[in-house]
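Chains here go by letter, A, B, C and D, matching the order in which they are written, and residues are numbered from 1 within each.
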Amino acid sequence: MPTGRRRIEDQIVYGISRPTGGHRAVNFRLNAPYVQMYGIVKRFPGVLACDHVDFDVRRGELHALLGENGAGKSTLMRILYGLYQPEDGRILRDGAEVTIHSPTDAIRQGIGMIHQHFMLVDTLTVTENVALGLKSSREPLLDLDRVEDGIRELSEAYGLQIDPRAPVWTLSVGERQRVEIMKALYRGAAMLILDEPTAVLTPQEVDELFVTLGYMKENGYSLVLISHKLQEILAISDRITVLREGRLVGTVPTGEMSRQELARMMVGRDVMLERTREDDIDVGDVKLRLNDVKALDVTGQPALRGVSLSVQEGEILGVAGISGNGQRELAEVIAGLRPIAGGSVEMDGTPISDWTTARRTESGLAYIPEERMHDGIVRDFAVSENLVLQEHTSDKFSNGIFLAFDYIARYSRQLVQDFYIKTPDIRTMTRNLSGGNIQRLILARELSRRPKVLVAAQPTRGIDIGAIEYIYQQLLEQRDTGMATLLISEDLDELLALCDRIAVIYEGQIMDTLIREETTAEELGLLMAGVHPQKQ
Amino acid sequence: GRSNQDDEEVDAEGAPFRVAIVMPSSTTDIAWSQSMFDSLTAVQAEMGGEDALKIAYSEGMFRVTDASAAIRDYAAEGYDLVIAHGAQYGNSVFEVATDFTDTSFAWGTSSDTGADRGINNVFAYGAVANEGGYVNGVVAAMLSENDVIGVIGPVAGDAKLYIDGFVRGVTVVKPDAQVNISYTGSFSDTTLAAEAAHVHIQAGADVLTGSAQQVVGAIGVANENGVAWLGTQSDQISLGPDVVVTNQIYNWANVIADMIAKIEAGELGGTAYRLTFENDGLRLEFNESIEIDDAVKEAARAAIEDIKSGAVDPVLIEEDDE
Amino acid sequence: MNTRLFLAKLIDVLLPVLAMVIALLVGVLLLLLLGTDPFEAYSALIQGALGNVSGITQTLTKATPLLLVGLGICIAFRGGVINIGGEGQIVVGALAATAFGVGFGNLPALILLPLTLISGATAGLIWGGIPGLLKARLGVNEILTTVMMNQIALRLMNFLLRGPMLDPEHVAAGTSIPQSAALPESIWLTRLVPRTLFHSGAILAVLLALAVYFLLWRTTIGYRIRAVGLNPHASRYAGIPVPKYVTLSLALSGMLCGLAGAVEVLGVHHRMLEGLSGGYGFSGIVAALFGKLHPLGAIPASALFGALLVGADKMQRAVQVPSALAIALQGLVVLFVVSSDLYVRRRTRRRVGEDGSDGPPAAEGERREESEEERDPAQLARGEGGTIQAG
Amino acid sequence: MIDELFTISTLIGILHSCVRLATPYLFASLGETFGQRSGVLNLGVDGIMLMGAFFGFYVVFEGHNLWVGVLAAIAIGVMMGLLKAFVSVTMQSLQGISGIGLYLFGLGLSSLLFKTLIGSVEGVSGFRQLPIPLLADIPGIGHILFNHNALVYLAYLMVPASWFVINRTTLGLKIRAVGHNPEAADTLGVSVNGVRYTTLMIGGALAAVAGASLSIGLQNVFQENMTNGLGFIAVALVYFGSWRTVGVLGGALLFSLVNALQLWVQALDIPVPSEVAVMMPYIMTIVVLAFTARQIQRPAALARSYERGE
C-alpha cells in the first residue's frame, strides 16, 4: 500500500529530526552507532546490577540483550531511559556525550522504552495514554481528536491495530503492548527498547510484533530487544549482547551463533536444550476431573463454556491456547478462587467444587499462578514467610496459634538450597529477588508439598533458560513420582516437550485433546485458532 | 459595700488573693465559660487589679483528665480558690478537695458541696437559668406577631432549665403560641445551629433564642433576616446589634466576691450559690441601640418582679417536658 | 547484631525525638507572636511533663489510653486498613463498660472487673467490626464509615448520659449533670501513686502491647493479618479468607480502642461522663506513628506524646497562653515527626544488604517492621481499598 | 405535625435548606477530590477550613471587601496546601497521619490568631441573600435554587468547573494518570510531584473557601473550631462520591438533605426523638453507600507516595 509507505517516510523524517529539533533529511548512515554506553556501573543494596558494562546500538539495527534473571538487562536499559542514574560510565548519542536524568531527557534523545511491566494507566483510553505528558495544541485544553488522528495514521503505517478510544483495561496484553509502542512512535522516538516484549505474547502476537519491528528496522530505527527466548533472538536480531551477573560476557553478530553457544554464554555452562523424556511411565487413576465446568470472567461474561478434562496420576496434561480463551478462569476454578457456574470439579474422585481454597490445598492441590508478582507472593514478606504462605497453619509450621519460627527458618534454608533460589538470606524481602528467582521460590513452595495435583499457569514466562531447564526438570521428576500436572501454557515447544496429552482450549471450550506423539505444532496452532484441521 | 471590705483586707495583707479557674470551653465562647471569665475580670477590676486579685485560667479543658490535672496543680501551687467551672468536673473537684483540705474549691452547675460527705472546702454554684428563660419567654411572646417562636438547643436534656422556663414564659402570655424547639446534637455545631435558625424562620418563627456556644451561627442568621433574638448566658448583643432584644446575663461577680470574703474569713466552702434575679446574679439587659416597645420592657420587668417576689415560680415544670 | 547496625537503628529511633525538638523550636515563633518568653514556656513544658512526680504520673496516665488506641491503630495499619474511628470506639467502650459495671454492681469484684473490661472491649469490637464488615462485604470505604460512626457514637453518648444512664442521684437532686452513676469502688483500678490519677491500667496496656506484638509476628492470625494487609490477592491465592481478616483487623483495632474507654472509666473517672475521650482517637494514631506502627515502639511513643500533651497543658497554666497554642504545637510536632520518617526509610534501604544477613531470629519482628516502614504508605493505600471480592 | 411536613411550602423549605447546607461540603469535598484523584489523601481539610474561615473573616472584620476576604482565604488555603504537599509529597510521609497533623495545626493556629488578633466573638455583615433576577421568581424552584448568597452559587458552579478541569484539560489528564499509575506518568515525563503539589494547592484553596463560606457567608462570625469536624465529613463524602464530581455533589446533597429534614422534623415538633433525628444524617450516609457501593474506580495510587525505582 503506497500511501502507507509515504506515511512511513514522513514519519521517519518527523521521527528522527524532531528529537534534535533540526531539519535533517532522511540521509542517516546505516550502521552508524546511534547510542553508545561505556563502563556503566549500577549498584543496588546488596547487588551490583551493572558492573562496567559497554553497550551500543546502531541505526537500523535490532540488538538483542540476553542474560539470566537478575543479570542486569532491565537495569542497564532503565539507565539508558533515565529511570536509574548510573554510578559511573558515559552515554553517547550520535557520538556526542549526553546526560539522561529522566525519561523526559531520554525521549528528547529519541529513546523510547517498552517496559517489561507495562507503563499504562489502564483507567484511561488509548488516546489519553498516548497524549499523556505531551504538549497539547490548545493548552490548557486537551486535543485528543488530533492525537487520535495521529494514532490512526501510525497504526496504519506500522500495522499496529488498536482502537484509540478503548479504555486500556479492556485491552489484551498484546494490544497493550501496541499502545506502548504507539506511545514511543508518537513521540518520534528513533530508538526503541523492548524489555521482554514476547514473554507475554501469543505466537500470533509475536509474529505481528516482529512484522512491526521489521518495518521499523527498515526505516532506520534502532531497536533493543530483551528476551529469554533464544530462537526468537536468533531469528530476528542482528547482534547479541550477553550479560551475566551484571558483567558483559560479550557482543556477537547473530549470524555466527547457535542456541547452544548462546546458552553457554548466558549461563556459563552447557544447558540441555532438548528435553528428552523416557515415555514408559504408567499413568495411574484419575486425580483431577472436570465435568462440563462453566465459569464467568470478571466482567460476568461466560469464560468457560462446559470444560471437561481429566488428569491421571503421573501424567502431564497440557492446556494450549491463545491467552484470554479461559485459561485463567480454568486455573482459578480448580484452585477455588472463582465460583463455579456449572458442572463439577473432582479430586481423587471426590467433588471439591464447594471446598475453600485452603481445604483444596490441604488435600494436595498445588497452584502456580500466572501473575506471580501479583498473586504468587507477598512482595514485602521475607523469603521465608513466602515459602510457607499456604501452609503456615499446618501443624508443621505452627501449633495452630503460634508460628514455629526456628523450624520455618530451617525449612526455608533447606528449600533455598534445594531449589537454588538466589537470595542473600531467607529474611530478605522477596521483592528484592529477580523474577526468575521469585518463580523458583513459588515452585519450591508448591512442589515441596509433594502435591497430588499441580496446576501450573505459564510457569516459565519471563524466565531465563537456565531456570527453565531447572523447572522442567522439577516438573518431570514430580511427574515420575506420580503427581498429576495440568500445565497451562502458550509456548507450544514447551507443551510438546513436557506433556503426555495436550488439550486445546478455545473460547472457553476444549477443541480437542491430543496425544503428544500424534500431534504437531501446526495442528495445535490451527486448533488454537478455533479451526478443526480435519474439517477443512 | 462588700468591695470596700475586700480592699481593706487586701491592704491589710498585701499579698493578692489568687484565684484559678478551669473551664471546658474558651474564654471567648460568648456563653458559659465567657460569662464566668468576664465576671472574674470585673471583680478583679473592682478590687483593684492584678495586685489585689490574681487570676489564672485553663481554658479548653473539655477533657476531664486534663481538667482534673489542672485543678490538682492549682491546688498544689497554693491558689486560694480553685474554680472548676463545669458539671463534668465534679469527681475531680471532690477528689482533689479531700487531698487539699485547706484550699478552697468551687464547682460549677451544682448545688452539691459535698458537705454531706464531710467535705467542707467546696463551694457550689449554679444559675437558675429558667428565671431568665421565663422572662425571655414573656418577651418573646409579646414580640412575636405570628405567634411562632423558635428555640435552638444544643443537646436534648441540656440547657433544660432555660428552655423549660422559656416555654413557660411564652405560654403564660400566649397559651396557644407555638414554640418550636430543635436540637443540633452538639454544643459547637455553629453550621447546624445557623441552619436551624433558617428553618425556624421559614417555619414562621419571628423570635428566636438558643443556648451554648453554637448559637453564634444562629445569631448571624437572625441578624441577616432581621428576626428578633433573645440571648442568654453571656452578652450577645455585639453579635446582633439590630436583633438581639434582651440578654439574660450570668453575673457571677457577687458569688465570686462573696466566696473570696468567706475564704478570707476562714470559711473554705459549704455554701451553694444560685444565680437569681433576686440576688442580682441574673440580669436581663435590653439592647439600648434598638428601641423596644415599652409594653415589652414593662412586662419583662413585671415578670422579674413576680419571680423575685415568688409570685410565679418558673422552676417546677416537669410536666410540660418535650 | 553488630554495633554499627545497632547504632544506626538507635539513630532511627532517636530521629522522631529530634524532629519533635525541631518542631518545638519552630513553635517559638508562635510563642513570640503571643509575646511569651519561649524559654520560660518550654521549661514549664518539660517541668510539667517530667519535672516531678505529679508531672510524670500525669504523663503516664495520659499515655495509657494513647497506648491502647495506638495498639489498635498498629493492627489496623498492618491489616491494610485505616481506623479513624478510635474516638467513637472509645466512647462506646466506656459506655458499655459503665453500663455493665453499674448494672451488675452486686457481682463479686473478681468477676465484675474482667467482665466490665470485656464488655467495653466488646462494644469497641462491634463499633470497629461494623466498618470492617461493610468494607469486606460491600466495599464501603472504612474512612467514611469510621468518621460517621464517631459522630453517631458521640450523639449516642449525649443521649444515654442525659436519659437512660443518667445518675439517679443527680436526677433526685434535680441537678441533671450528664454523667452516669459511679461504678462500685471494688472494681476501680488501683491508683499506683496516691494522690494522683496514675492507675494500674498502665500495666495492662503495656502487657497488651506485648500481646499485640506476639499476635502480629508470632501467631498465624497475625501472619494472616499482615499478609492480607500487604497483598490481598496473594493471600486469597494462599487460601486466606481475605474479607474475614479485613473485618478482623478493624474489629481488633476497635476492640483495643473500646478497652481504652473502659480503662479510662475504671481507672480515672469511675463513671461515664462527657469529655472522657476528646481526641484520644486521633492522638492514638499519632502515638502509633511515633512508634513506627510497631506495638513495642508504641510504648515509648505514647509516653512521649503523652508527655507533650501534659507539658503543653502545664505550659498553658505556667505562662498563661491560650489552649490553642498547645494544639498548634501538637500539629507541628506531628508534621515534623511524620516527615522525619523519610530519612529513617532512606537509611533503612541503604542497609537492606546487611539486613538480610544478620540478627537473631528474635529480631524478626523488628527487622520486619524496619523494612516495612518503606511500605506503610502502600498499606495505607491498600487500606483505601475500594473492594475486596468476597471469598 | 406530621402532615405539615408534606405541605408544599415545607418541602420547598427543606430543599432550600439542603441546597444551602451543602455549600461548605461541596467546596471542601471537591477540593479533596482533586487531591485524591492525584493520589494524595488529605485528612487535614478541617484545619484548612478553619484557617480559611478565620482569614476570610479577619479581612472583612478589618473593613475590607467581602471578595477580598475570599481571596485572603484562598491565599491561606494555598499555603496550607503547600505545607501538606511538602510533608506528604516531598517528605513522602504517611498521608493519613500528616493530614491529622495539618488539622491540629490549622485548628490551633486559627484559634490562636483569633485570640490575639480579634479577642472576642464579633459579627460582620457577610455575603447577603442574592436572588437571581427572574429565575428567583420561578415558583418553588426559584426559591430553592436561586435565592442564596454568592458563595452558595459559586459552590455549585465549582461542580461543573471541577469536572471540566479533571476531564477536559491536560492538567486533568495528568491528575488522573498520576493518581492511578504514577510510574507510567513519570516515564512520560509528567512530574508526579508537580501535579500533586498543584492539586493540593487547589484543594487547599477550595477547603479555605469552604471555611470562608461559613464565616462570611452563612454565619458571618468566627468562633474557635467553628467547623466542628465538618472537614472530616467532607473527606468522607469524597469516598461516598467515589471520586467523581457528580458523585460528590450527590453525597453532599444527600447528607445535607437528611440534615435539613431532621431540622424540619424537629422544628415542626413531629414526635421523633431529637436524639435519633441528629444521628440520621450519619446513619443514612453509611446505609445509602452500603446499598450502592460497587466496584468503584479508586485512584490506584491513592495515599501512596511516589519515588522512582531506586
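Convention: contacts are C-beta pairs under 8 Å (C-beta built on N, C-alpha and C of every residue); 3 or more make two chains touch, one makes a residue touch a chain.
Values in this document were obtained by computation on a predicted structure and should not be read as measured data.
Chains joined by the most contact pairs: C-D.
Here the spacing of chain B and chain D, counted between their Cα centres, is 35 Å. Between the CA-based centres of chain A and chain C the separation comes to 45 Å, rounded to the whole angstrom. Averaging C-alpha coordinates per chain places the centre of chain A 75 Å away from that of chain B.
For chain C, the set of residues that touch two or more other chains comprises 155, 158-159, 163, 322-324, 378. In chain A, no residue reaches two or more other chains under the touch definition. Multi-chain contact residues of chain B (touching two or more other chains): 26, 156, 185-186. Applying the touch definition to every pair of chains gives A-C, A-D, B-C, B-D, C-D.
Only residues 44, 78, 81, 83-85, 102-104, 107, 113, 115, 118-124, 128-129, 131-136, 139-142, 183 of chain A touch chain D when the two sit together in their complex. Residue ranges of chain B in contact with chain D, taken from their complex: 26, 28-30, 150, 156, 180-186, 188-192, 194-196, 198-200, 202-203, 213, 216-217, 219-221, 223-224, 238-241, 322. Across the complex, chain D meets chain C through its residues 41, 43, 47, 83, 87, 91-98, 100-112, 114-116, 224, 229, 232-233, 235-237, 239-240, 242, 275, 278-279, 282-283, 285-286, 289-290, 293-298, 300-305.
By the touch rule above, chain A contacts chain C in their complex via residues 45-46, 335-337, 339, 356-361, 367, 369, 374-382, 385, 389-390, 392-393, 398, 400-403, 405-406, 409, 423-425, 427-429, 432.
Across the complex, chain C meets chain D through its residues 30, 33-34, 82, 84, 134, 138-141, 143-145, 147-149, 151-152, 155-156, 158-159, 163, 282, 285-286, 289, 322-335, 338-339, 341-342, 345, 376-378, 380-381, 383-387.
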